[in-house]
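Reading through the structure tokens given below for one structure.
As written, the chains take the letters A, B and C, and residue 1 is the first residue of each chain.
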């Protein structure tokens, strides 16, 4: 019994996701299929890469992860089959398998082995469409991996997969002594309208107490202040707060409200330079007690 | 093989639901995961409580139901693990397990045993986030119950769970002889825009024939009349009708249309006193033949 | 272990889909439940029929397909239990079972045996609602089929199921020699806004190279030209293109955009005569190399 997860930008209408599941169940009848999300904004590989990195490591070792956000389908872009490692809660390294277009979708994971899929060998179906390799090539590859076929048998040649960088936080040199000042970016808004940033607790081992935070809004002349709290419930309804979220990232939230709507921020721009900016001060003197 | 159901207000973007499923499958690999809905309006524990009460009893005895609508996460609110009973179609009492914040989510079910989760014992993960106890504490508890661990071993102390009341229908004393006149409330609109009310057939054993019904619209000076029918197909397209719905509740519907949009009603107010009102006349002389 | 698929217009709120799954799991605990979609536009049996026809054949032989788009529930409309055949990728005929209202939902599949469900025999539940036969009659029937009960035991009498026609493409007699000119209709828009048409490659064995294509927009005085390409990635961002899609149908798409929004087309009209029209020229001299 292998777990196969699915992540796409196909939405919930028509039958595209179900067609992939049908192919998986034909070829790997005992697999357990789990949806990550099918509501990645269309063609938005950046949002998908973040959501995959924040979610896939929670699954058991040996899981197979199929992700199809594939604007280049049918062109010269190749299909990636690979393996990433990540330490689990016991500190042991889990192994996960990945299948998807080689377009950076898995950029934020620690890929230790990657191959370009031998598409000819996978073309066991009579017709491979030009527009749906998720169903016709990647789902068969995922089912093969779930069935124990080694990557080296599926792959054409070992590769260094396409990666794209996320915008990195910048440290401000003019921060007061004993504190760290960071300029970051809002990466995406979740379903609650919480604004998730590129500032991750793993990068700040020396202290996690947020002392001040503000966010730039195109529609406002001055940055908007947010009050640091430990959890949503510490805020008063309607208040804009900032906290360490469950994925280890700093996030901005409106208690019982929607921060993305409140601040009228567009966080799904194709160009990551257009993502909203924020500034954060951390108190260096605190220990990790407040860490998420 | 245990069934574990999931109900949240997490929506379909990002990976929050999948992270909970990953934790469940790590700890209870043989469980069958079933989504109730992840589109509870954010923080709306009232809507969730109704949907849970109308849906959970359909599942087989022994199912574990995890519900995470949790605006108080990280505050002093406790986590509930418990058991409810309900008669199945054969008249035998089924047993169901529940896990969720102790905030009234399960108010409308017949809870026969309830404990506050011993969170310390559950903190087997290295870091428990302040904002996602659904993943870090409740999912592990649900997996433990699915694996046969008794509630008494998971619980810290036996409790009387938080309950909130639904607005109750009022009987009008000035109804004509032989009839019952009831003032009720619209509880929610479903995906069709059908308006589901707090008038339940179980409360009216003596007669179920609706003879008249009207609904108050803030935008109209007089109440809007609806024609009583037995099923949607008895109406003409576009007509506003009233009937006993599949959950045993009176509902208003527009045939091939959307009653909530037509009447411009907002049914997800935080304050249940603001819910739309309706009036209904039942004929007391009829027997139960028309009951749903 | 039987696969049971579910297709409805119930949306993602409330618990209707979960109630059906609960009934299925009570009666067929080993079945694997797979969602096709629950976002069929309300009461739109035409959209559902197309999505079912494009998706169900991908599932393994022996699957049971439950579809509940049922505006006539509770009226004299009957419930269909049946079987369709379709050749799989190996050319062998697969057998699939279907359960749903007899209202044309399965019109586009090759039904080889069909019965009206004996509803009396299915009424083993104490109360059958007037408005939710999907849960109270069809789910029990699907579970029975998954358990191996023959259709003849579930059926009341063998029938010729209700079918409705899709608008058929028309051939233009004034096309230039060596080419085929076709007038077709847009059937639906998928989640990407791609416009899927009624022109299917199976109907044009002699040649599949699209040489010209244009689409009628109510808001424009002249038809809009689309450039023929082999796949989305061959277009420049924002360009309107036309291609053979993954379901074998001609589709119009905007690269990295939404064609339905761009052209302001409404494709879910109740009356199929109101569907948007398009014109296509195929080059008869090409062989099938370009076929999907």
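The criterion applied here is as follows: a contact is a pair of C-beta atoms (placed from the backbone, for glycine too) under 8 Å apart; a residue touches a chain by one contact, two chains touch by 3 or more.
Protein identities per chain, from UniProt: A, B, C = Adenosyl-chloride synthase.
Computed from a predicted structure; not experimentally measured.
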item	value
Angle of rotation relating subunit A to subunit B [CA atoms, steps of 5 degrees]	120
Type of subunit B:subunit C copy interface by residue overlap (half), same or different	different
Inter-chain centre distance, subunit B versus subunit C - centres from mean C-alpha coordinates, in Å	32
Multi-chain contact residues (two or more partners), subunit A	12
Subunit C partner contacts - residues on subunit B that touch it in the complex	1, 3, 5, 12, 32, 34-40, 51-52, 54-55, 58-60, 89, 188, 190-192, 196, 230-234, 243-246, 255-256, 258, 291-292
List of subunit A residues in touch with subunit C within their complex	9-16, 18-19, 21-23, 25-26, 29, 33, 42-43, 71-75, 77, 124-127, 129-132, 135-136, 270
